[in-house]
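Two complexes, one shared chain (chain A), two partners (chain B, chain C).
Moving on, here comes the complex of A and B:
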């Protein structure tokens, strides 16, 4: 499956970059769509019907919503304000029915492919516990590639049309391309319609500037993936499969390694996707912004998997916390518990919904639910103690923006994230708890264990140097310095020397070949 | 405008609301303050602020908040 994925991906990417400019402008979006559909078919064969159902249901629902809006506006003309209210009420309700029907249809696919097995297994456990002699048969279904990503991306378009943020697009091809564009469909980023749909359809020429800039971004992605992520994969596998024999510090190193690997792997895929976008003249939104510089867990989620965080914020957090009931709750509770804790109640209810869904979105398993709840508790606790911390700083006349305190906060946040990722990666809740217990109670580090993790001293040196480079690039980006622009300004010889060094470094130090197993597209199964 | 400043002052004092133009981007107002602000504005101005309008661009300055209110009043 993995080899398939890599081969197809590269193959399609090459086809597009070689032949794109030869096609007439108008035919280019069709080429992109066809390539995307063939890619999807090769990955998920007949399940392409699910993708078609999503595209078509979203397309028809948005068109219908548009028609309902047109009809409503026609009827509103020259009516009294009372009549207008009535008309709006009727048509808004009709729109809501269309919205809910479309959401239900698309969630039913998600449920069938992602959650049915989990629910059947757990229902069977429950029946056993209740001594009921009946068991549901567990269906073994393979999900269509990227279903969690394309469903949410498609739904964001549906919501945006529903809320009147954008108008319904009558062009089926444009909608289909927006939902199924192959680089994004596997692991995102989940773009909004206003971000990419128009540009993807334009079919702009691949220019020399775009091509080189996109390739540089892809090269950086390959560096992070092949030098760091694929190398760390060995260590992570060792620790998480042999956790029972390892000490606490090694379990923590495993979780730390996994966190770095996840970041390097996921963000490198994003570099490749955004790089392909750049080549085609399409600005695909960023999905990471130096997350490990975050001062709190809530800030971390505005810098890590940004498109998912924004999705939950816009379509779950605000709609819940700003629903009529919650607004009343906010106003009333503010009068009783004050400005800070007043909105915290509705905010926390919405936060709970967000993190329950976020956990489930990542996968149908108790570890993912635990991962979601862990984040909910962390963010809620942070919110709860914020006024106290603020007061303490004012009382003792301390500067919260002090560089040392900021570094301390980033380290603290990273530690909390690593613990979260340990839960996320553990094969079961039981294993997660055993490992956590070790991390917090067993501090006996044995140096000999480090050499039993599948990596030799050279691997550790390469990892260290590569991570320092990633850190420097991160600091520069944090300071709004674009490295690619800076390299672009350099003398042609220096510039190309840098690229060649980069390519050779990847070829020489990349973790591939005998003894290494590349990390798969980790998020593709979610 | 003054009423908006009054509400903001009550919710989170100590910010120069008249002259600040990056209330959201500069992290002067966090998401919890926004929840209170939206509820208060709705009650005060008898409007309904749809969630799509809750974007930094609409809340970055008092002037922007005012134009949002004016726009919603017209609807």
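Moving on, here comes the complex of A and C:
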């Protein structure tokens, strides 16, 4: 899968880059759409029908919603306020039916391909426990590539039309291209319609400036993936497959390695996607913003997989916490537990829904549900103790923005994230618990174990140097310094020397070829 | 126009740097006439001339199952896997000729699964892979930076073997039974026909070996997907026809593959655990032939000793 994925991805990227400008402007979106559909077909074959169903159902539903709105507005003209209320009620209900029908259709695909197996297996376990002599047959189904990404991205357009944030687009091609654009469909980021649809359809020329800027971003992504992520893959596989024989510190190193690998791999994919976007003149939104500088878990999730966090915030958290029932609950609870804890109750209910779904979105498995619940508990605990911490700082006249305290908070957050990722990566809840127990009880450090993790001292040196470089780049970005702009100001010799060094460092020190197994697109199956 | 010139200049300089680095990284222990491109296409050519005792011809079954460094580690015999994915007989013959030209093997082992492969069947990606190997020698040998910067340039670390650590369990059924029912891999009747074009190359290799006084062993490597009893019967007949030794590890009691743990892809290829077993068997077999001798710590084989250290760490 990985080999085909990489080949097809690269192949289509080259096709687009070389031939895009040769096509007339009007034909370019069609070219992009065709390439995206062919890519999808090559990866998922007949399951392309699921993609078409999503595109068509979303397109028709939004058009219908738009028509209902037009009709409603026509009818509202010259009516009394009571009549207006009645008309609005009828048409809003109709819109809601369309919305729910479309959501159900698209979630049914998601359920069938991602969750049916999990629910069948667990139902069978339950039947066993209840001594009922019946077992459901477990269907082996392969999911279409990127189903979780394109479904959520498509639904974001549906919701935005439903809430009246944007109008329904009557151009089927534009909707189809927005949902199926091949660099994004595999791992996101899940853009909003207002972010990319228009730019993708414009078919702007690939300019020299866009091309070089995009290629620089892609190069940085390749550096992170090939030098760091693919190298760490060896260590991570060793620890998570042989966790039983490793000590607590090594299990922690495995989890740390996995967290870094996940970040490097996922963010590098985003660099490549955003780079391709830049080449085509499309501004694809950022999905990462130096997450390991976060001071709390909730801040972490505003910097890590940003598009997913925003999706859950806008389409799950807000609709629940701002619903009539929750508003009533908040008003009542304010009277009992005060102004801080009052809204916290409805917020926590919405938070629980978000993290249950977030866990499930990441995968159909108990470890993913545990991963979601872990984050819910961490964020909830943070919210619960916030007033106490604030008071303590005021009482002892301490500065919360003190640099040392900020570093401490970032380290604490990173530690909590690593523990969460250990749960995420573990093959089962049982393994996760065994590894966690080791991490927190077995402190017997065996240096010799480090040499048995598949990497030699030279690999560790390469990793260290590359990570320091990534850290420096992160610090500069945090200070709003754009490295690419800074390099752009240098004279051509220095500038080119930097690019050549980057290219050949990746080619020589990249962890590829015999003895290495590159990390696949981790979220592609999601 | 200015930008086009810039792009052309950038690519040209990159190509010059690339070629220069390729010369730096490619092992240069073998005969010069093959040049660096062939060295990257045929990994054996990265080996010092006349240092390999045993070559193994075959397809992916070979490079998944036989780890020459495991054999060298225990016995000191120098083995090299001259294998390519989905290798067809004409290519295997080509590789054999190149191997014979640069090495002086005492034993040639042939994995017969490739005998059954359609000579026209060559997945497009294999062709692409070969072209890429040819065009990108630096990509092939980039890992030599460890040797180049921190030691001498010793050639290939795995000697043609590809180490795969992960496991994807195979099925529990007797795939070598004379009558097969419910074979999860093959639907319908089993086919075990050697295409006539392949017979020409089989004959060429075996006869050339005999002429050079090289022992030939037909060695069936364990694979639930590739092997069945029909194929075994055909190869048995073939071995008698040519008077060469034939061992099929799919039937042999001396090796017991645990298909739950020792395969990387549901019984098609072995993983490292399975490869260790096959390599151990092969090491013992070579020992029993009294044809090859240990080269461990001997002059001229420092490269193997050096590579072994790296291999043991990996």
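One rule holds for everything that comes next: the second predicted complex is superposed on the first by the 526 of 526 C-alpha atoms of A that agree within 3 Å, B and C clash if a C-alpha of one lies under 4 Å from a C-alpha of the other, contacts with A are read in each partner's own complex, and residues count from 1 in each chain.
Definition applied: a residue touches a chain if its C-beta (ideal position, glycine included) is under 8 Å from a C-beta of that chain, and two chains touch if they have at least 3 such contacts.
Worth saying up front: this structure is predicted, and the values here are computed from it rather than measured.
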Practice problem: May I ask you to decide whether A:163 touches chain B, chain C, both, or neither, giving the answer as first, second, both or neither? | Solution: first
Item to complete: Could you say whether A:346 touches chain B, chain C, both of them, or neither, answering first, second, both or neither?
Response: first
- Item | First, second, both or neither for A:404, with chain B first and chain C second | neither
### Query
Does the superposition put A:134 against chain B (first), chain C (second), both, or neither?
neither
For A:510, is the partner it touches chain B (first), chain C (second), both, or none of the two (neither)? second
Between chain B (first) and chain C (second), which does A:318 come into contact with in this model arrangement: first, second, both, or neither?
first
Within their complex, chain B touches chain A through residues 10-12, 31-33, 35-36, 38-40, 42-43, 49-52, 54
In their shared complex, chain C is touched by residues of chain A numbered 3, 7, 208, 237-238, 241, 451, 454, 456, 458, 496, 499-500, 503-504, 507-510, 512-515, 517
Per the touch rule, the chain C residues reaching chain A in their complex are 3, 6-7, 10, 13-14, 17-18, 21, 25, 125, 138-140, 142-143, 145-146, 150, 156-158, 162-166, 310, 313-314
So, in the complex, the side of chain A touching chain B is made of residues 160, 163-165, 314, 317-319, 321-322, 326-328, 330-331, 334, 339-340, 342-344, 346-347, 383
